[in-house]
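Accompanying notes for the structure given below.
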């Protein structure tokens, strides 16, 4: 057993090491005084607020009446504007090369401008999400009602976050879209990169383990099951051996495709329209329209001993 | 950069659109004044309270003594009754077609009646969960003690929620069972539909990505690994092209079956007792008792270049 | 509808059953008066505090300046020491066979001693995590900056928790390492047993569904994708039919190996250095260095009807 | 030092005593299942909400714009209606003789009806409070602006609560007005009985210790200083020696009266208009209009020793 | 305007000064590692718990039924015991001269022993408080019911805290009684020193500004109004000019005395039984039983000008 | 009973009235987008942080060691600087005439500059408060230790807030000093205007009801008891009948004066050094040094009937 002095000097010594700039310089993030910082808590409130705006009466804790709905929309949008402006600004500051020539006030106004642009897109996001909800409801015999889909289905959560994050990314907001996508990833196990392009009436059943890469293009009326990967196989390197960023490297999935659980589809290949991909397959080549792809048959045998495989 | 007036008029215009009934009518949920609403926060408290009742001394923040345990049981059950009655009522209201003829007071009493019925089933739930914990402990060489299993294993969380939700669903409670199941899904990545029927001594190792569909029937002493799907392959459509709800479409898994990671088993097929299903297989046909099913051998080759696959 | 008396007597009867020692004795955990209990909330604060110490400026809500960084390190380490000492003590108490001969005061000092030892290892943990962050950044074309990796990537969270938990386990702390690992599992879907041994420059892409078993040994510069299992195939039983604990039963993965999504690799086998394992394969045998392992080709066919597979 | 068993049996014995109905029967309050209970926390939110409605932009945490103010009013009033209905119902239940014949649903509707009546009086409350704020501003040379008065002056808080509570009491709401008045009493030290009648342009400077009894009648433009009591001297007893309730027993204070610090004015007397009452006096008789009442001159002497009085 | 560097160096310089031991040594309080500290938050919970135990159904947020009341008593007492033991220990540590020879474990047991002794006195505290509530109800024509008195009257709060604190002080608990008394003082403006001795059926009307000194002795059936001081006039000094501690220096108030608002009664004098002291008087001599003491008549005059006094 | 429609139209009508600009224009406060607002919650944290800095080890929840104290000072001062800068800015914005020509960035820097100036005064505030604590300890026979005084005495709280607020006001910070003073007023019943000037070794016993006006000047070593008013008698009006602001109108109290409970001292008079003012007196004229002022003797009589005064 160490003496108390021994403990404390060990601790003091560690503080010295941890405070040595050499040890933290690549992993330290300095904010400038007065700059907002990205906040998962505030972003969670933003996403909840957007969800309450899009699906009135589901996620707030209030009694909505036809009479008062307009007031609630007004207030929610107003609060959303303030919160979102701040977080967009936080994203801009976080990724800024923090040269002194940036005019903070102007950047703040720019953030507000992006927030207003995002807000003006909300009616369109609502329109698309309604098609997603409908697809989930129609496609799942276990769904009792559209209400249940909106209220309980993790895919609705993940797709909502994706559509929000995608719009923010299109507007040029840094970092924030990625955090919003990761919030849904953590909650639902569905990882959709905000840069992917996804059509209407999109649905994901169960969803845990789904991955949709950043350069994916997905058509309308596509359905994925849990564990499906739409990923990159490999990526070209530049002369220094570093991956070249921005090259399309994820699949294109055309309209009306269904992909079953745990299928792994890699590379900039094309899955033709109306195809069905069975579960647990590994696909790295194009698939023609109207195709059916299944795993090679499993080996089945009888055995006596209970001791595993 | 937009002027401030420009921003504000953009926002005001969006509020107008969002408050237009045509745009939200399929996705708006109106509560009647005074009706309780389903609350994830309260349901989380309900589930925690049930867990503390079932496994005394683990999840509460109190010091249990033999002397005082009875008092705690009394108080927890009492609080559970109040909270659960309210949330069951919220479920009944949420799914009610809200015709004016419903007598609110009677519905409230009905909710209390269901809550009391649920509570009277708690000793039986405890009895079954003890078999599940035992199965996890015996089956995992990494488990140090039953305590560790109860305290840390996500499967215990998921299976507890399932057994709670299953009982509520059997009693006819709408919506709430599904929310409780999704809470475990979000936390553990294990998605068990509350309608599935699952025997004793059930265990799931690691668990992320497991899906158990609503018409599954699972025997005793079954063990699943992470990523296992017990799903539906396809479902019969009615004359309008909509899926027919309520048809059995998920597997039957008999006693003593082990299914390894990422196996996808689809359709109303039967996995015979004492069988072992290897990982990553795609199974859509019956499997005889005492069988072993393995993926077709992988292709192995040597390669020089480091550039992926 | 039951009468109110009926409800209450049903409830009272259930309390009697639940308070009957016979029904809870294997699932009840008694604390002694004054002993701390493991607390997920406090452990979450501990992990956040460690992360803020390792990556200054990312996870706290403060404005870091070069001048004040040392003060923050001092305060965080000080608070960490107090919290961690208490939770280590809670772990010791939880797993103690609670014989009366234990000297509480001495055990408390022992917990403090372990906490100080852990703290003195923090600079080394920071050094290794920097290599992990670098590997994630270099290996992902979608990563914009190291900041984004630290801030958003679930793998960083999971690997940080693993490296923390691994060190605590090496120091002999019971239970707590497992809880810390499960916290990351719940949040990210990545399940790394704290006992596994993992080299530097380790990265996991997306990550949901990854499982790394307790006796795994992983070299440097290894990359896993989502859904990869490094698990046990079966385990030897002792004469009573119980699994023998502590036997190596999980894979050894050598340096520079890449394993694609959903691959399941089981048993104490060796994946030779510089190999690539394709997705969705089931591997239960050794793989030579420089190998490429791919799933057997899928069956592809054309079909007309839209009704599934 | 007592043994642990000794301690526990002492505790157990005390529980027996405390649970003996004879010991608590006069001080126990039973609620019926499902009835709301008066909640200081909710009442505090109600009062804050009313204050934000009356003085927009002061007490909420939002950025008010002319455009959005109407939305905020709509939402606040809506939320106020729900909260207040519930708390009024709680008041009705609390004081109800809980005979079984009460129809809960009807009582609930009655509570809503009272809440709506209260809300429709809010514009009038705002009008009167504006006169109170003006009186405080004009009468205090230290006040920099009306904003400062609204924001900081405890009298505004106390008078607002009084005017709210007074209206509720006029509507026949039991218990709740008293709790609201006590909330201000605790916060400001100003104790105004909600039954008192108080004219416009009323102000209290500093305020700690002011007491205004339930049958007081106060005219317009009256100013009180800290510690002023408008109380009852004695009260007639009935034949059983109990005080007769409801008899006027507190002062009438006419228009434009100023009463200085610590003056104690007792009984159903009349302080005539335009009078000034000096501090620390004891007044139990009528005071004519235009009077000045001062304490009898103090005795002043010189002394040498420092030891007190 | 100062430059940013200027600001920061000013701040750094101040930190140096504040961290200089010479500047804080008389006002710094060092805790030893692992010692609990007095916590107003926990003490507030203790007091609320005691109030809920004494007056069941008033201050908790639960629905009490005859059936479950015993369970609640058991649980509340159990939790009270744990919390109170810790806070008593905190008090003992705070005032300890922290010599190394103290055995922490023994002190902890001693704290538990005191907590159990306090708890065993709760039935007696309930008995006395019932007499206080009765006195308040009977003596106040504005009181509608005993419930209203228990629920709303600040005097009940202040007297409860006093009776709790007094008992703890009698048991020898340091510091904690004083903090409990100050909590009521802050909330109600009533300052009763826990060392004062006060008989049954004691009541205080309104109460703001009442002060009852530490060596007061108050009989049964005494009533005080707001602003009454029972204080010390002067106190003997020792040869160094410091006040001699522990000398009786506050009034004795005999049975059935009424003291009106703002009366100041100083010194170890005796107010004889059945006397009435009028408001705003200054009393420093004994008062015979059955006396009436009133302020000398005020000077009343007429005046024209509105400009004050 | 009103119909539901009736209720709702009543509510809607009220919203119309409340949103009519004419009704709120004098009591509405508009913030500009992005401006901070004064926040009682943040100011409370500021005051607590200052108290923890001044009296280390008392108000934080941490274990202070000599080694770590400097780190804590550094961190607290750093956090204080950020919070205080924001709240000073909020005060500047609140009282600004919000002309468009104000440069927000410059105002922000000005706020930081004031915050740094305040911080550099903290060592001096600590020095003075030590004299106040000493005076309270020496002057109160009931005080067991300086620790108890710092920890429990409301006067320390009130005087700390005063000394903080006074310094901020001297620096020219608007509004914030007043809010800080009112926080202490609400908590302790002691109302000290931040503009008053008060010497060292100042103490207030019990304190409820004390009022110290804005132009008071108080020497060293002065002691006040509860209920003492140092107020204004009347104030000169300008030609419009409005009080002239800024004129000295409160007493000057010289060194070593003691003023007993409930004394009311009004106007710009001088209480000469070493004087003692008895309780409950009304003083509106100068008092010579070394004087003793007592209330005129009370009228004492005997009475039989129990019916009051």
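We just call them A, B, C, D, E and F in the order they show up, numbering each chain from 1.
Operating definition for what follows: a residue touches a chain if its C-beta (ideal position, glycine included) is under 8 Å from a C-beta of that chain, and two chains touch if they have at least 3 such contacts.
These numbers were taken from a predicted model, which means no experiment stands behind them.
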If you fit subunit D onto subunit F using only Cα atoms, how far does it have to rotate, to the nearest 5°?
-> 120
Mind checking subunit D against subunit E and telling me if their interface is mostly the same residue numbers on each side, over half, or mostly different?
-> different
Which chain's C-alpha centroid is most distant from that of subunit F?
-> B
Would you identify the chain whose Cα-based centre sits farthest away from the centre of subunit D?
-> C
Express in whole angstrom the distance between the two chain centres, defined as the mean CA positions of subunit B and subunit F.
-> 56
Whole-Å gap between the CA centroids of subunit C and subunit E | 51
Subunit F residues counted as touching two or more neighbouring chains | 4, 15, 33-34, 63, 65, 70-71, 73-74, 78, 82, 112, 189, 208-209, 227, 235, 260, 262, 266, 278, 280-281, 294-297, 308-309
Can you name every pair of chains that touch?
-> A-B, A-C, A-D, A-F, B-C, B-D, B-E, C-E, C-F, D-E, D-F, E-F
Inside the complex, what are the residues of subunit A that reach subunit F?
-> 8, 12, 15, 33-34, 65, 67, 71, 82, 85, 104-105, 108, 112
As the complex stands, subunit F meets subunit D at residues 1-2, 4, 6-7, 10-11, 13-15, 17-19, 21, 23-24, 26-35, 37-39, 94-95, 174-175, 178-179, 182, 185-186, 189, 191, 193, 195, 208-209, 211, 213-214, 227, 229, 231-232, 235, 242-247, 249, 256, 258, 260, 262-264, 266, 274, 276, 278, 280-283, 287-288, 290-297, 307-309
Contact footprint of subunit C on subunit B as seen in their complex = 53-58, 61, 63-66, 69-70, 73-74, 77-78, 81, 106, 109-110, 112-113, 116-117, 119-120, 122-123, 126-127, 129-130, 133, 138-142, 144-148, 150-154, 187-189, 206, 208-209, 225-227, 233-235, 237, 260-262, 266, 278-281, 284, 294-304, 306, 308-309
Can you list the residues on subunit D that touch subunit A in the complex?
-> 62-63, 65, 68, 70-75, 78-79, 82
